[in-house]
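As written, the chain order gives the labels A, B, C, D, E and F, with residue 1 at the start of each chain.
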């Protein structure tokens, strides 16, 4: 068990309708791995109950280097924040096999 | 009264009374897949039995209507409604395209009243779904060197509902009535029941959007009622011009009057991000869908009778 | 043997052998929505064909039974069973109300045996669902100035299953047999199959609760067997008093004997938080449901025959 | 990208049957945004496999100020902990546009 | 052309064009539960009507084939294909077992062409599902003192698909044709439609695995085409040896040629972790399933005709 | 509200097909509570879109003592990392009623 870096967990919660676009963007930024959960919620843009087609949210979580985390957040804020229901948050995590996340 | 309308009311009332009733999203998806495929298949089977020489002119005329409807409503929304450019374009796209659910209710209405109609109507649904999306996106963004035509085509032609409608249509057309027959146990025999459940869910969803109406005020409500009425007249006139039966004219009027809430919202959301999706859904789901289902369709039937010169 | 019972056993055995078989929750929801609506619609259609003068007295008597059953079991549970007040009230509510799944199995049983029964039985399901919830909540909390009657009404009348049962009933009643006919492809023709899948799932669920029985010991098992037997007698007597046929009496006995595991748990969970939900579900799902389905219903049929004086 | 406050992520895992009540309570406490996931699990109150109706859990996550996070936790412990299957945990997160969470 | 094949192509094309069409996983589950139960029930009903003296020898022969098929392909995969031991064993298990979806397509094909076949074929599906899993696991791990036979039995006999197939079979056998009849509304009448939707989904899934083929190169593609062809010959010879009709021989050849993508992947994943699941799914889903559905089945029909000596 | 220990949140994302085995292992390690979410994702072992049977991932989250968290991670790395799609990460959380997690 090696624990040599201090990776970041980035969580993005946004409209499920942009999933494909968002994933392409993340890939272009260098994201190699992510996990998606179908969720619902409420925020500044109102209630997103997820009952049907375009009403749901996704929650994307990405474990990555601090540098990449900053790039992701800056990119998302610039491209999506003004027009889409979206929040992001970031925290410190420890991982085993850090090479899985820095590839 | 047709029981499917009562299912819609059941959902609406349950949600307005804050009942815990909710259908899982997967069931909503399942029901809409069934509806879209069934309507596509039905249309395709009819295509297989009709001479292209009758169909082609009608198809061309309907497509033209699909392009014109949003061009007609956009300036109204922009000038009279004082909506922002993106929102006006988005609303124009929603109202220029069609609602498959409303179409199914109109078909059920005519069936219930035993009124005949041309059986290739589902073809018109497919034809009307796409043009308004293209026009709406262009109205919002303009045509520039940077227009990403490939992405535009992807968003309009490869959305879920178009693929299912068109796929069903092509399959029905390829295999014809006898080929489709073994599928009828799932697709045709359960159609009315599937529609009933779908409308129950639509009632639940509509209720949420009704409550968001307050935020947008009177102008939106007026457009949500006025646009369908105006479009219905255009649809009815075209139906009569194409020599459709009263039933067929009723359906074409209903299609014109209906506002999309599946295909268009998804396509516009990615192509025109600056349009407010809550606004257009409040209009199409919160006003126009219930209006059409509860009041509009019988009205458009009367309109079709009037225009065809048949006494009321 | 009726195949639906075998589906229940299949689920039960698969789960007890720790098979990986699991149905997605959305499917469970879908099946129960279909069951509830179908039963409601069937009942409503019958209502439409029956004179109110016959129905009203029966309905009143059944509602009274719904209020009395929990009042009868509560002291037993409190004193004999030494359950905590909240738990005794919760169990009384579960056993006073009805299980729609058990009802459907009883109907299938009679159909399988070709025994006639009054076709307005689904109405009794609806009538029996609610009173025990109200009584149970009051037994647990007492009536004080602070009793939130609005919340109470909300929890009892706006739960998912009541809305669907009652909604189906009203729709069936409003449109009558011919109006419901086009819906039969989804709701009536597939009923037995839907019930089979539902019981498969119930078998899987029951197995989980069977294994939690150990925790609660003999008293719970005794009540889980004794209460339905006692209630069945009350139901059968009422059926005979109301001059129901043997089939109708069997169903009324089954309804009395059955314990809710959908509507009541949800309502009690929010209204009586201090009641242990695992306890009441262990009883209603782990004992009473399998008992009624496998053993009880034929027994209640014998009971009904006995009481009606028909030789065995 | 501004990172001026140290917001908290509050996670509540509890019975899905109390979703409506819980959300009303959270709203009354001043929660403006939240995200809900349907989950299953196991804990002191046994197995909650989520196979049917009232057997499932929800996972509510709330990004908020530290003050609000403490109010939420205190309230939940007092109102729900004794009678419902519920756990909560809290961690530090960093966010962009903190005004989204402090409104 | 049979419409269900077109549904498969619709899914395949939609996914290759990167359409947004996706069915919720719960619906995939629901459809496969329906398919498995229906096939099981059909087989069971036939069992009930056939003398054991005819069936037992056939059953024994089919089980032997189930054990031999993976033993025959394993050395080829190991030596010729130079796959790692675990991967060769895993592929041998996948191709030795059967694909229920492919079986259903073969049945639909024969129905469409109005070709008769022995109605107890679903029994063979059940019999062929398990042996290859056992052989595959033993080939991968060897038999040692530590072989956990209990876990092995659990993984092979209690997987979801086996439980549903076998459960359906036993229920059908227990209640016979008349007992199953009331279930036909859900299970039999909708069968073709359910299969169509299932194949739509399979098309969507297949497309994903087609694109992963590149990673594994030509050898895998050759095996994905060669193994089914070789196995089909074995199956056809056995069918003719057992004096099955041309239709029955076609199905047995198809079963031999088909590769599992439900039961085997799940069992092998836990029992042989070091086998690469992407490899075997690329072969069975990316090559063999579409090959069998689009090309193989008609081919195996020709083969059966040839072997039975009937002129083409 | 008591906050006397510094518990850990362990998150495991892996193939849903090993859920049963994994839970048995966790139980043997002494895990008393966990929460599971059905998710999808992408990583070194490719795309796991969750569209069907064996294609999905689960996300298991466990609040526990630091000691147990280390045991869990060591065990998972040794038993599962070489053959299964799996990532894990770990972070600090604060909890109320810590006794719920240390039982």
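One rule holds for everything that comes next: a contact is a pair of C-beta atoms (placed from the backbone, for glycine too) under 8 Å apart; a residue touches a chain by one contact, two chains touch by 3 or more.
Because the structure is predicted, anything quoted here is derived from the model rather than measured.
**Student:** So which chains count as neighbours of both subunit A and subunit B?
**Tutor:** Touches both subunit A and subunit B: nothing.
**Student:** From subunit E, which chain is the farthest off, judged by mean CA positions?
**Tutor:** D
**Student:** Tally the contacting C-beta pairs at the E-F interface and at the C-E interface, and name the larger one.
**Tutor:** C-E
**Student:** Which whole number of Å gives the spacing of the CA centres of subunit B and subunit E?
**Tutor:** Going by mean C-alpha positions, subunit B sits 41 Å from subunit E.
**Student:** Between subunit A and subunit F, what is the gap in Å from one C-alpha centre to the other?
**Tutor:** Computed from C-alpha means, the inter-chain centre distance equals 20 Å.
**Student:** At which residue positions does subunit B touch at least two other chains?
**Tutor:** 20, 22-26, 29-30, 189-190, 266
**Student:** Of all the residues in subunit D, which ones touch at least 2 other chains?
**Tutor:** As it turns out, subunit D has residues touching two or more other chains at 37, 91-92.
**Student:** Mind listing each pair of touching chains for me?
**Tutor:** Listed in label order, the chain pairs in contact are A-B, A-D, A-F, B-C, B-E, C-D, C-E, D-F, E-F.
**Student:** Quick check: in the complex, which residue numbers of subunit F touch subunit A?
**Tutor:** On the subunit F side, the touching residues are 13, 37-44, 57, 59, 70, 73-74, 77, 81, 87-92.
**Student:** In their shared complex, at which residues does subunit B touch subunit C?
**Tutor:** 1-3, 6-7, 10, 14, 17-27, 30, 111, 188-194, 196-197
**Student:** Applying the document's contact rule, which stretches of subunit B touch subunit E when the two form their complex?
**Tutor:** Touch list, subunit B to subunit E: 24-26, 29-30, 33, 37, 154, 158-160, 163-164, 167, 170-171, 174-175, 179-180, 182-187, 189-190, 266.
**Student:** Which residues of subunit F touch subunit D in the complex?
**Tutor:** Residue positions touching the partner: 1, 7, 9, 32-37, 63, 91-97, 100-101, 103.
**Student:** Okay, in this complex, where on subunit B does subunit A touch?
**Tutor:** 22-23, 25, 28-29, 32, 201, 204-205, 208, 212, 262, 265-266, 269-270, 273-274, 277-278
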